[in-house]
Amino acid sequence: MELMIFFLIITAGTLITFFIDDISRKLTGYAAFLTILTGIVYYASIPMGTVWQMHLLGFDLKWMRSPAGDFFAWIVLGLGLLSLMYAIKYMEGKARLGYFYAAFLVSLGAMTGVTISRDIVSLFIFWEIMTWSSFLLAIYKAYYGVETKGIKYILFSSMGAYAMLTAIVFIVHYYHTTDLNTLWQAGAFGFSRHWFIPAFMLFGFAVKAAVMPFHVWAPGVYTRTPMAYTSVFSGAMSKMGIFGMLLIVAGLSRLDIGWIRFILGWAGGITAALATLQAVRQNDAKDLLAYSSIAQLGYIVTALSTGTRMGLMAALYLAVLHAAFKGALFLVAGAVEKQAGTTDFREVSGLIVRMPWTFFTALISVIALAGVPPLGGFVGKWLVYESLITETHSYFLVIVIFFASTAAFLYAYRFLFGLFLGQQEHNTEDVHEASWWMLVPMLVLSLVSILTGVFPGLVFKPAAKALSDLHLPSDGWQMSILHNAWNNGVDTITVGSTIVILFLLTAAFITLKGRKNTRRTGTKDISTSGEIPQPDDNLNFQSGFFQPFERAIGKPYRWSMDRIWTDIGTSLAAFFRFLRKIYTGNAQTYVFYVIVFLIILLLFRKQIF
Amino acid sequence: MNEKKDIQIITRPTKAEIEQAKINFSPRCTSAGRVNDKETQKTVQFILNFARKHSLFLLAYGTGCGAIEIPATLTSRYDAERLGIRGAATPRQADVLMITGYLSVKTLKRVIRVYEQMQDPKYVVAFGSCTINGGMYFDSYNTIKALDRYIPVDVYIAGCMPRPEAVLKGFAKLQELIQNGNAGNGECYRKNLDWYRANQQKVIKNWNFPDEYNW
Amino acid sequence: MENWLYELTGFVLTILLAFTVGMFYGGLRRKVIARAQNRIGPPVYQNFLDLLKLQGKTTNIHHGVMSHLAPVWVIVAATASLLFIPVLHGGLWFPNLTFKGDLIFLLYLMVFGSLGMALGVGESGNPNGAIGVSRGLSLMVGYEIPFVLSLVAVMLQFHTTSLTDLMHYQQLTGHWIALENPFAFLSALFAVLGMFHYSPFDIIGAPAELASGPMSEFGGKYLGSLMTGGSIFAFVKLVLITDIFLGGAGHPELYTGLAGVLIGLGELILKTFLLYMIPVSIGIVMPRFRTEQAVRFFWKWPLAFGITGIIWGLYHQINF
Amino acid sequence: MNTTFVQNKIREVFECRTDILRGNQIRIYADKKSVPPVLLYLKNQLGFIHLNHISCVDWIEDNVFELVYIVYRPEDKITVLVKTKIDRENPVMENIDTIWDQANTYEREIREMFGVEFPGLEAPAEFILEDWQDLPPMRKDFDTRKYARETYETRPGREDARNVRDYIRQRTGEKLPDFAKKYSRD
């Protein structure tokens, strides 16, 4: 019953938020924020293991607050809370706030619903509510181009949904139950029994996790949704795909995961590599982040595909970290967009002076994203590599992943350089720091990246619980010492403290030495062979930043999944046009077919019958 | 014998007059002893000056025709690197600004900016007679005649062109000055900026140095 | 307490050693290049004089916080990775923190510096610096691939990701991994060429093209600190390769005490010097690649060697 | 094709004085109006596809500027010098960078150094000189030495640095032409 009350709270809050917009536009955001805050407080008070069951239309619906779902629910709720807090100021002065916040709350509620579902029917229902509410947000900015991107999203999502529905129909047909526990015990998700059940389910989840080749909806939708929601979209909703895959893997691991592991792993690896390459060449921060998001999910899928102790932990760890740093980065992009008007690298640069706190968040998040110790991203990357090397021995996959994560330095740097570093042009003179309502969520998220880097156990503990809840390998995780299967490891506290101490010492040296004689100058005071840069001169190097790299890569930049899908669509259309020549829709033609058929029957009746 | 007298159109001033005129001409930054007088600092200053004189990063900024002598000085034949002299790419890294030959007004503007971008202690070696008195460009409409009116100069190397040997001699002189603490006029330049600015602005008509870039 | 003191002394000694040796190697490189060009060249200790002069500059300029901290990242990355690499096998003073990190960790720690410096360069707003960074990061993607391939080959061959274990194996058996898995070693050697940024891979600093690229806005104490960090980092790379492939240094079972340390250090310096001469001597005679040529270079033969190394490792598994 | 042929061709079409110099050179004296037609004719009909240079001479005693267009036919290595004189008080000449693109550069230089105007010349105002505010420096009525004395300080003790031509003139006893006395530095 408690779980139902949670949803009632969210629903009531949604309705209040939607209608309060007509009364006072300023209150809308606060109402949404308070709703989710109440929801979170209430959710935290629900005891673990609470079950709520209902019989509806011949299906047994079963919801439960379980450690596995809880892990993802906290990602959703935490990021949702922070994003809503951010949205209060971010959405200020924009149109249709009631619509925005209502859809926001509905999608958060639906995502929480996905995590607490213990049967596939309610999972599917919540899944569809989630898709639909996020689609509403994706088309929030109704200008040219949004519709096509939104349609792409809803098209792929419905493809996934139909696949899942088919799988559910077969599950009910073969096993006569929808309860997940029963299904796991029956081995329903094993490939050896009915391969299409897990395959269709995986397809549905892969669409949401934007795995190659079903990722084409993601860049357009991520960039066109209001940034306050994009951070949830990329940080939390894509994790629902991971959660779903985890459910399937939980059913798999006890039976057979050989070739599906191979396919999933390489799909993740190739997604990571190609999306990274795409991210490198983007000239807009939002596009860059969108592709980077796809790439990061590629790592998670690869980690998940191992099905081993470290691999699964890597997937869960990266899920949290990705929510933290990518959520923060989308919020940063939104803050820049709000304050400076655009996130195009070629138009805005040198914001470090104008928006120092935003830069700090971006710096921490980008370092975490790049996987440099001692921040959180490193632990995730380390776990992925070590699980691939020491546990599953996929040595070539490791190279692909490593290529992707090294190339990630390129776009990581590009993001910081493009928005915050570089020339401080005079068109950004009147830009100022975002309001604290926007900064606090970003800083909290960067704090997560910092803390998890030194104390990865903060994530390991709940993640291990989640894994053991799903009967997956989850033993032996410590607060700050990482161990691989060959018993070599990294001590994150030593690493963190060494780096911090060395950093403090060196920074103190360089700051104190000749402090009086050290002077700060502007970015126009640079070595330009004696030429004097005038205020109007553009000394920014932004366009085609990684052109040599693009030339070195060469061919893959000419590949396009979008084009392939378009080709598929075109050929399907041609095929249907051909069919249309047979099924003309004209009654006379059908009468003609019937007559011909009868004639044939009459003529050859002896041969046929 | 007599011909020489014929061309004496302007009467030569006496030696004393010339000396006085020289002091009036560029009185500001002429080798003021800048060694720290504190006894405790003397050893440190000695060591630092030793390092400075043996590590001269040369700003390879070819202003005039004399730039052609620099490669010869730096490469195999004369090998200035054995004295610790090597090229630096930007004024931030450099210690020595070499003015290699005549300076047109257009170049002077750049030279001033480059000089101001260099970090103390910085040295200027002026090269060729053009920087001393205009040389063969003494009546050019576009070439300055005495460099030390615009930026302080530590060492002049006379000649048109001075050969690499002369350049090395000039550097030896500079090293001597550095060791004695008599080289490096950046501080003096900053102190007498108004005087230098007045001279520079007299020549550079369209003064577009933004204030924030400078001292 | 005593143990703790020993460790701290070890840290300081290691860093000092790396700094001194790295600086001397820089000076030797200049000397070697000078001799190759029929010059006398600067004295070997020239780099120390340069450093002293740069630190003795009386005015300094930076362009903001990141640009101020740029040399700090380099030094921190260099010293931190030095502390996680065993300088000598055995002994009391030089194991440092080697049991607290492994090879993958080191790989990531080593890029920390260049990324931090790139941020500082970016803040200065110098287009030359930004171009240099763009080239440097591209080149990094190039040479990291063969390097990782070689490391993975070694890891899978010896079933460990720990540097100490690899050294231990080489000390026990006397077999260098360079001979146990020659293809991995070759691939790593090519990667070292890229790591040192000497010709033909000196596309980052390229004085004639980019006015020394990322360095162009650093002077005085900043340039000096960058030089310090660079020298330590050069030594770090050399020691890393020596430890993995060339058997490391030190014979605790033969020599003990101060003699053991000195002999070990002598061995280390000899090995690293010979290794260092490879990129240096190639750098003397080579012209410069374009960026995409340099990047692609690493994806041809070095990559092939790396993959061969992995296959070799798979078929010559060694358990110890 | 040789020089005589070119000369005859020119004579057929245009009424200008021409003569043949040594080294395959032809000199054409055209008036100001007929310079572009002559150049066009040379380029399109006679294959003088290359514009070597445009130079300007200040004939201050005649109160004219003489512009010299040097065009070249690479096949036969024939050079044609088209000379024209324009008024010095109101120096305006037709812009020919539509015929040869490189004329743009030469015309900019002439505009800057002599003050000859080329209507329709699309180029930034400054070319080599920066911030020049005086008379165009290559004009003969611009007193270079005086300007240099006034603008750039001479080092004390070096004031007698003198014009070498003056020195030679004094030594050989050569007399200045009448027109030049006005501008003589002595």
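Read from first to last, the chains carry the letters A, B, C and D; within each, the first residue is number 1.
By our rule, a residue touches a chain if its C-beta (ideal position, glycine included) is under 8 Å from a C-beta of that chain, and two chains touch if they have at least 3 such contacts.
Keep in mind that this is a model prediction, so the values were computed, not measured.
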Each chain counted as touching chain C and chain D at once: B
Centre-most chain, if every chain is reduced to its averaged C-alpha atoms: C
Chain pair that, of all pairs, has the most C-beta pairs in contact: A-C
Chain of greatest Cα-centre distance to chain D: A
Between chain D and chain A, distance of the C-alpha-averaged centres to the nearest whole Å: 71
Centroid spacing, where centroids are CA-atom means, of chain A and chain C in whole angstrom: 37
Geometric centre distance via CA averages, chain B-chain A, whole Å: 62
In chain A, residues with contacts to at least two other chains: 517, 521-522, 524-525, 527, 529
Chain B, residues touching no fewer than two other chains: 90-92, 109, 120
Contacts with two or more other chains, residues of chain C listed in rising order: 57-61, 211, 216-217, 220
Pairs of chains in contact (touch as defined earlier), listed by label: A-B, A-C, B-C, B-D
Chain C residues touching chain B - in the complex, by the definition given at the top: 30, 34, 37-43, 46, 49-50, 52-53, 56-61, 207, 211-212, 215-220, 223
Contacting residues of chain A [partner chain B, same complex]: 517, 521-522, 524-525, 527, 529-532, 534-535
Residues of chain A touching chain C in the complex: 350, 352-353, 363, 367, 370-373, 378, 381-382, 385-386, 389-390, 393, 395-396, 398-399, 402-403, 406-407, 409-410, 412-413, 416-417, 421-424, 484, 486, 488-491, 494-495, 498-499, 502-503, 506-507, 509-511, 513-514, 517-527, 529, 539-541, 545-549, 551-552
Residues of chain B that touch chain A when the two form their complex: 61, 90-92, 109-111, 113-114, 117, 120, 208-210, 212-213
Parts of chain C lying in touch with chain A, wherever the complex brings them together: 55, 57-66, 68-69, 71-72, 75-76, 79-80, 83, 97, 100-102, 104-105, 108-109, 111-112, 115, 118-119, 122-128, 130-131, 133-135, 137-138, 140-142, 144-145, 148-149, 152, 155-156, 159-162, 165, 211, 216-217, 220-222, 225, 290-292, 295-296, 299, 310, 314
